[in-house]
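Order of writing sets the labels: A, B and C. Residues in every chain begin at 1.
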Amino acid sequence: MDILIYGTVNSVTFALIAVGFTLVYGVSRLPNFAHGALYVLVGFLTWSFVNDLKIFYPLAILMSLGIASLLGVVIYRLILIRLRGLPTSEIIASFAVGLIILEGLRLQGIGGFKGFIGPFYVLPSFFDSKLRIAGVLIDFQRLFVVGGGLTVVVLLWLFTHYTKIGLSLRAIAQDEQAAMMLGIDSDRAAVISLSIGSALAGLAAVLVLPLGNVTTEAGYRVLIYALAVCIIGGLGSWAGTILASFVLGFAIITSTALFGALWESVVLVGAIILILIFRPSGLLGKQKELEERV
Amino acid sequence: MRNECNGEDQQRDRVIGSRRLNIQERRKERLDRGIKVRTEGLYALTSWREMGYLLLPRLLLILGFLSFPLWLDMYWQRVLCQAGIYALLALGFDFLAEYVGLVCLGGAFFVGSGAYISGLLNAQMGWSPLLTIPIATVFGAIVSTVVLFPCLRLRGIYFAIVSFMFPLLTVNMIIALNIFGGTEGISALASFPNVWVDQYLILGMVILSLFALRRLVNEDFGLILRAVKDNDQAVKASGLDITLYKTKAVFIAALMGCFGGAYLCHLYGWVGISQFAMDFSILPIAGAVMGGMGTLVGPVLGAFILTPMSEALRGFGQLRVVLYCLILIGFIVYKPEGLMNYLQRKYHQYEHWEEV
Amino acid sequence: MDEALLQVKKVTKTFGGITAIREMSLDLDRGEILGLIGPNGSGKTTLVNLITGFVRPNSGEVFFKQRKITGLQPHKIADLGVTRTFQVMRPYHSLPAYKNLIVPLNSPRIRRTRGGNLGDKDGVAIDLLEEIGFERDAYVPYKMASSLPLGYLKRLELGRCLALKPEIIICDEIFSGLSMAEISTMIPVMEKLQMEGISVMMIEHRLRELFKLVNRVVVMNFGEKLAEGIPEEVMARADVRKAYLGTEELTC
């Protein structure tokens, strides 16, 4: 029974993490390797605002989300916009940006700034109480994660189906040239999607990080989770991402319960290889691999 | 021919005019060396000048590399060996990125697998480096190719993602399953007999790979790879199996990376999870972009420039990676052609001031 | 010789909600030139993609020499001898024109028929190009493929197919974009192909030129076969004329 509960929590966590990446890739075909970096950055900023600047917690959250969003826009405008259309360079540049942020947060000793190593940095949870569901003890924060995740997914669905901006994002995702002919600016759409994607990464951080610590390794881990979920679900496919996050979430929880926490990498590697061999475009992927581009 | 309407005007015009005349007097003229067409291949033997023109840069490169160990001191010789490994990785990256269209973000996987196989063979079977290095190179390449094979049928982005993830996941697996020595690695491995062997081995391998790859991309195999990058549908319609060619290309790049890894483990006598570090993935990429993608020489030079630089900055710790990435982004955005392309272009041009 | 060389039997292909091809059948006999015509969007290129393996049909089969080739990979189908040209020309722009042909000359098919090494592949490529109209004396084969004008590019596509020594060539709009003079120089090339025993299927919009070459014509409309027969009969039918409303007609 507790596998079910914890599995759901894990799956929603994965979904939260991966949804930002899928949004950016689906709309503008840009792999945002800085996703994990933005996640950790938001965690760090929130922590500094709360502890060093003594800002009210919710306000700190909003500010750091805003900064992450802005950073996403800046990355696109300064760097990626010049490389549109050159897939090799896009990948390399996005990877480099991600690494700059991630490794930069590992710095120590510069101006008394202690880098992110070790379990010193903990974000306060929203709630401290626990709850008992169906005989399983679970803390409120985890339930909050599930609730928050589901809300985010629903809100995003509504946003992309019922608002003008959301619809234009979907249009660009489906057929870029046709959408451009209808007057939708593909650069503007990319900027919007990157800002929302970065904010989503930050939101995931804010919800999930209180459960643990803020470290740079978390950045790499989160990036790997996001990439794994997207590959298994199909790059650019929404339903696929959600489905894959549930599949992966449950798989990892089950393997943790059976074999121990460290086997998660084995499960990840195994799942990816299996998908690539048997169903390369992902579980619900609509993009054919190399065919059908005549 | 101006009418003299106003004395002052005329005076001013003459001053301005003469300055203009001065600039116009000298114009920069650029000639492309048309002789390049005539000196490809066999025809170069017809003239000493043509031969010199072709041979000079290459001789400079080879002799320069081979002479480094002679005048560097002990510390920098070690750095040279490291630079050699990075140069092999950068070569592999450039080959895959420009000639096949696959961006390999995980050079560390090649290094790690070569190092671990070589270390294991040495530690558990007691074979000498003479045997373990070649075997580790080939087996490591086979393992890497098999692992990366499923994503070769797919778009380039999948290859980038998967190659990025594998070094990190493998590190986690090694720690988790506590195989191959876990976090401590395997130590007390055989080393090379003397310091000259280590350097000349790696330098020789770099030069050999460089010239071999250059030959390869001009042979039919390289032409087919370039065609795959340009228009893979047409290659498929011409009856060639694209996946097979891509696999062969990945195998070749992996051979170079795995040799570097196998060599590394015997250089230091130790194998550990740091052979899968992010450093091995990012420095070759930065070196390749800086040196000039497409020319195979550029990445080698880029690696040889960046490695000493990173050694000099050792005090900064992880800031080095930030620095490589900054350099990389700077080059990609502002000077994407890279150093070597620029130099090659200038070598084939001839600029001088000319009187008009 | 009794059975057709290429048989397409009731193939259907849907993309999402759109049925691009509906229960289409056609036959290509050995040594004939078949024309495949129809208004834009009738599914002609999709049919070619289906035959050559770039797209898998939802139902139906394709037979080549009575062997099923549905669902095979494109390079295997080309290996068997069924080649095609592409409507959107994208030569390998970093290579000279004759090097473009080195790629097909390295395919397993050529290696088998020539029994191993070809020897001087460059020479073979240039001879081939000269046969289809690249003037060797003007050094046209040595020029970069990206700098060639359209007429030469179309011939380069044809050359790419010919280098494989095929049994069938499917030409996807090979006359499009060419001037009258260029077309009139290409018609003898196509006739020579027929004389060499290669069967050709041509998708075209330039009907007047096409009808000079073809033995039979198949008309497609909305993914279905509308009519089939010799050109004069087919064009006399009212429904064919109606389908073609707005495009070039025989009476100029």
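The rule we apply is simple: a residue touches a chain if its C-beta (ideal position, glycine included) is under 8 Å from a C-beta of that chain, and two chains touch if they have at least 3 such contacts.
These numbers were taken from a predicted model, which means no experiment stands behind them.
Novice: Among all chains, which one's averaged Cα position is nearest the averaged Cα position of every protein chain shown?
Specialist: The chain sitting closest to the overall C-alpha centre is B.
Novice: From chain B, which chain is the farthest off, judged by mean CA positions?
Specialist: Of all chains, C has its centre farthest from that of chain B.
Novice: What is the distance, in whole Å, between the centres of chain A and chain C, each centre taken as the mean of its C-alpha atoms?
Specialist: The computed centroid separation for chain A versus chain C comes out at 47 Å.
Novice: How many angstrom between the C-alpha centroids of chain B and chain A?
Specialist: Chain centroid spacing, chain A to chain B, equals 33 Å.
Novice: Give, as an integer number of Å, the spacing between the C-alpha centres of chain C and chain B.
Specialist: Their C-alpha centroids are separated by 42 Å.
Novice: Residue numbers in chain B touching 2 or more other chains?
Specialist: 233, 242 - these are the residues of chain B that touch more than one other chain.
Novice: By residue number and range, which residues of chain C touch two or more other chains?
Specialist: Each of 54, 86 in chain C touches at least two other chains.
Novice: Hey, what residues on chain A touch two or more of the other chains?
Specialist: 294
Novice: Quick one: in the complex, what on chain B touches chain A?
Specialist: Its residues touching chain A are 97-98, 101, 103, 105, 147, 150-151, 153-158, 160-162, 164-166, 168-170, 172-173, 175-177, 232-233, 242, 278, 282, 285-286, 289, 293, 317-319, 321-322, 325-326, 328-329, 332-333, 336.
Novice: Using the touch definition from the top, list the residues of chain A that touch chain B in their complex.
Specialist: The touching residues are 31, 33, 78-79, 82-83, 87-89, 91-93, 95-97, 99-100, 103-104, 106-108, 115, 220, 224, 227-228, 230-231, 235, 260, 262-266, 268-269, 272-273, 276-277, 280-281, 287, 289-290, 293-294.
Novice: Quick one: which bits of chain B touch chain C in the complex? Just the residue numbers, please.
Specialist: 220, 223-224, 226-227, 230-231, 233-242
Novice: Using the touch rule from the top, collect the residues of chain C that touch chain B in their complex.
Specialist: Where chain C meets chain B, its residues are 52, 54, 73-75, 78-79, 83-84, 86, 90-95, 99-100, 102-104, 106-109, 121, 160, 163-164.
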